[in-house]
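In the two complexes that follow, subunit A is the common piece, with subunit B as its partner first and subunit C second.
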Partner chain A sequence: MTELQAGQSAQPLEVPRIETRPQRYRDVLIALAAFVLLALLPMVFGSKQLLDFVIRCAAYGLFATSLNLLVGYTGLISFGHGMFFGLGAYGFGLMMQKTGVPIPVAFVATLAMTFVVAVVIGAICVRLKEIYFAFVTLAFQMLIHSTILSWQSLTGGDQGLRGGIPRPPFLGIDLSNHLHLYITSCALLVIGLFLMRQIAQSPFGYTLRMIRDNATRASFIGIDVWRAKLTIFVLAALFAATGGMIMALFVSGAYPEFAYWTISGEGIFINMLGGVTTFLGPMVGTVLLLILNDTVTRLTEYQGIVLGVVILFFAIGLRKGLMDFVVEWFAQRRGEGRG
Partner chain B sequence: MILVDLDALASCLTSPSCLVTQTTSGLIIGMLLFLVAVGLTLIFGVLKVVNFSHGAFYMFGAYFAMTAYQLTGSFALAILSGAAGTAILGLIFERVFMSRVYGRDVLMQLLVCYAFVLIFDDVVRMIWGPEFKSMGMPAAFQVPPLFIAGGVVPPYYLLLIGVALAAAAVLGLGLARSRIGKVIRAAAHNPGMVSALGINTGLIYGGVFALGGMLAGLAGALAAPVRSLTPGMGFSVLIESFIVTVIGGMGSILGALIGALLIGLIRSFGSLGFPLFTEGLMYLFMVIVLVSRPTGLFGKEVA
Partner chain C sequence: MLEIRGLSKSFGGVKATDNVSLDFADGSLTAVIGPNGAGKSTFFNLITGALRPDAGQILLNGVDMAGRTPPEIVRHGIGRAFQVASIFPSLTVEETMLAAVGADQRRAGVMHRRFPLAETRDRAEHAMELLGLAGKRNRTAATLSHGDQKLLDIALALVLDPKVLLLDEPTAGMGTEERWRMIDKVRELWEKQKITVVFIEHDMDIVFKIAPEIAVLCYGRILATGTPDAIRRNEAVIEAYLGSDDHAGAVA
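Now for the complex of A and B:
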């Protein structure tokens, strides 16, 4: 019996290794196609509003998809993932304002800083059981938020980083040019999504799914659960920080709201909205939430009530994300076609 | 900018008057936190959910008390309506919404609560307006402060500490000794068996939620004269009371009391020694407890 069980659990680990290569080619093609489409968009629709919308989608989309690596793939419900979004925005903004290094250097340095912070916080948090994990990550988020508020001489307190972020041109890319910023954001989004997709489809990604489904069994077959969880926590933090950097570049500043807990709440909601069972679910959720947010802000000042009701509708009423329905619908149709 | 001011801390620790003043202010922070945290821990112990919207009950308690005080001018009625109003709110919230997500994954429970944090904050903004409000000290307590060993102690603080301690005693004894307390503890251990014995577990769940909401509302009502009221005031209290329950151990009432007092004292003395790092001290303490005792100081026992 035990041998049989061990055999069963080892099986899914072998499957992706066989399929990896053709899938990766397909992913590269999809990523290239998506990037070309996005890059051609300004030629067809020149409206600045639309491009702004795509840039915001890139920032939040990277953040939400990285959160899905934790929530959907590993079963780690982080309620403080937004802290890395805020850290990315502040780290990058400060680096550019105070040191004047080229943008790529600041980018890498911010990622390095996020890495260190994420390792420390992750090492404390990933051992905890789910509800503790959710709240302790939330507590760390509040710590970072309150540090930003009280460390006025560095961060500008509740006014945020003002005076704009200098954006010196590098390698012929001038990010103070709106079109350049748009293309760069799209490139970062596509590369980020591609990398996260590779993580999710790798043997490591399947290890994460196994930890989500049965952590005890995973540790019995020799997986270091703590290390795997910490690794994905740190990786997800890096992608969230990238989202934060796009946001800082877009608004040319950083504000305490970027590190406030509501960002994490929105991230969780985006995942719910789009669905956590598909890789692109959070991306769909991001687009939906941003459209919803923009519409609601225009109509009423009480966005909280509207958003809250929508969340309740999804959480209690539908119990699923939108992409989950799409996937089910396709599966059903395929089943009918065969029958 | 001063990051660390150990001289101020040391001179306070050696002066009796400053010691008394800081200890009382630490105690009232701790007592208010205890009332919120004990509801959180009770609900978790029995229902196995973390009420992420618990801070909203604290906020509603404060606003209810303020309105009742402005309408009637009676402080006792203000406290009473703060507590009773949030108890009813808790009961409705549990029966209509939370009861639908028991046994579902934590994500759903968090989302439902998150939705209500947003909704409740906006409801308060709608009814009472977004600006800071204050209830004002009731006339009965507008008397000169007491001086204990040279330290200043407003009489209202004594009432606050007394009420919170009384609530702790009633709750602790009630759960340990009374019949209802035994049923609640049994339901926490094995709801299926309790239900098989002919006891309505839904009623117990609703009752525990109402009790938790009432305690948070009581804290809000007691805090109303000494704190400014604003939509969103519940959230920072929620985070702090969660830290309290993590330190004390989820599900333990004694743990909540000790944790709340420790956090209160850390806040009041920390603000002298580490003015910019007071919040940080709290988190640091939480991390130390979590690393050394992941279940909290009193984590084993279940309420």
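Now for the complex of A and C:
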């Protein structure tokens, strides 16, 4: 079990989690409903600011939720997951600027590139145990960050990718139109979350939980632990890269900060805020962090202190993320009601 | 048939397993005994792939397992339970069983379908019934009693339908009464499942009472093998156990 899951012992004794009749289409319905709600949002509130907020939530939410597949589900604490966010942003931005291919082609090509990089880095990292895994992923993050900084002719160095990302319309979608960008981001978010949810609830998702709990035992029931870890490392990278691409489209560029270790740190922070024991915890954490960021920077210049206090409250006060807390609270109440 | 041929393993200068050869006939029930540090657990770790042997063969129906990884060996049909119950603390009993059957059916990597798979239910159910854990299916493994955790560990090995089941001290850490209940369970499983069972046990009363075959390990070597009666009268065994005071009384 990972450190971040402290507080699990407070679970009620009986946990009837396996549904007798699996509601196969429930997640599909929830996903559709969420998408419709998000799509209707611009009609109710015309505020561009709100839509911008949702787009940023989509980018960071995909990133943070994919990190939770590693941290919460597999027990792999990666401090370098942000590198794939950066790779997604840069890969997509460069592809659009240099080659002029249609957006869907650049999207798929960026995922393919991320796939290759993640396989190589993952093959090296997932053999390592806990703290070594954390630090070697961090080292790769720094490597990619410095490569971006020093390869000025390609990446623009510390200036980032400037001059905007061209967005030729495709299939009637024009991503230079703010509303189109908003709807596309929401669609990517919902599809991404749906796919990750599917992975988490599949037999493979339970393989990951077994590895998190007790990797040795998992290997003695015939599970190839290394292969499973590598698989989820690569899949998580793909979702993180998708978040990066949304970010690149949103700011119409890519900046070295997207690949800096602080992005990975924010991912961990979001997971601690929202909680790693529920699937939507990181999504809730994302919304919380972005609201905090936006309001705190408006009110004070000492935003670092405020965020620090908040994380201390969650880490030391609650000893769990917000969603963990809420779920436990409901479980306890239900338990009392029955008793 | 499990045949061990010249199995050896050294740690530094210490020969933990020294040229061990042993046969386990299909459907046999064998107790492995020996003083502390005799190399019993190392012997199990070598057979199951947790350790790589320096030399020797581990033939399961003629196929050599030596040097293979634990998942490969498990898939060939050698299952094991651990001295300290090795389970998945946050999964429920039912989830543990369903996931294990899924792994055995090579479905551990399936992503496009929901857990649990329908085809895993019967076998998981059967294993829970067999070990008497069905009533605790919704308990997370961490909340089970020590004895139930040991049973769950055994269930995890058993649910894979192994040809050979290795139990590393199934009664470790239990009180006298619980020990007998556990060992009765082991014997019952052996009779019902008709599989080869090899278990490590410290309690000589238990060993002599239930094991038709006994192998005695001492300093990494096979000191003696045979029926309880033969072992009881074996000079070398008595000699070895007289040196270690915890079992001297038990054998004599």
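We take it that the second predicted complex is superposed on the first by the 315 of 339 C-alpha atoms of A that agree within 3 Å, B and C clash if a C-alpha of one lies under 4 Å from a C-alpha of the other, contacts with A are read in each partner's own complex, and residues count from 1 in each chain.
Please note the rule applied: a residue touches a chain if its C-beta (ideal position, glycine included) is under 8 Å from a C-beta of that chain, and two chains touch if they have at least 3 such contacts.
Owing to the predicted nature of the structure, the values given are computational and were not obtained by experimental measurement.
Once chain A of one complex is fitted onto chain A of the other, the partner contacts of A:F85 are absent, as it touches neither subunit B nor subunit C.
In the overlay built on the shared chain, the residue A:Y182 is in contact with neither subunit B nor subunit C. When the two structures are aligned on the shared chain, A:T231 is found in touch with subunit C, with no touch to subunit B. Of the two partner chains placed around the shared chain by superposition, subunit C is the only one that A:R217 touches, whereas subunit B remains out of contact.
Applying the stated touch rule to the two superposed structures, the subunit B and subunit C interfaces on subunit A have no residue in common. Those residues of subunit A that touch subunit B in the complex are listed here as 71, 77, 79, 124, 127-128, 130-132, 134-136, 138-140, 142-143, 146-147, 150-151, 153, 261, 265, 268-269, 272, 302-305, 307-309, 311-312, 314-316, 319.
Within the complex formed with subunit A, the subunit B residues making contact are 1, 44, 50, 97, 100-101, 104, 106-108, 110-112, 114-119, 121-123, 125-126, 235-236, 239, 242-243, 246, 250, 276, 279-280, 283, 286-287, 290-291, 294. Note for the complex: subunit A touches subunit C at residues 1, 5, 8-9, 11, 13-18, 22, 24, 198-199, 201-207, 209-210, 212-214, 216-225, 227-228, 231. Only residues 48, 50, 69-71, 74-75, 79-80, 82, 86-92, 94-95, 98-100, 102-104, 107-117, 138-140, 142-143, 156-157, 160 of subunit C touch subunit A when the two sit together in their complex.
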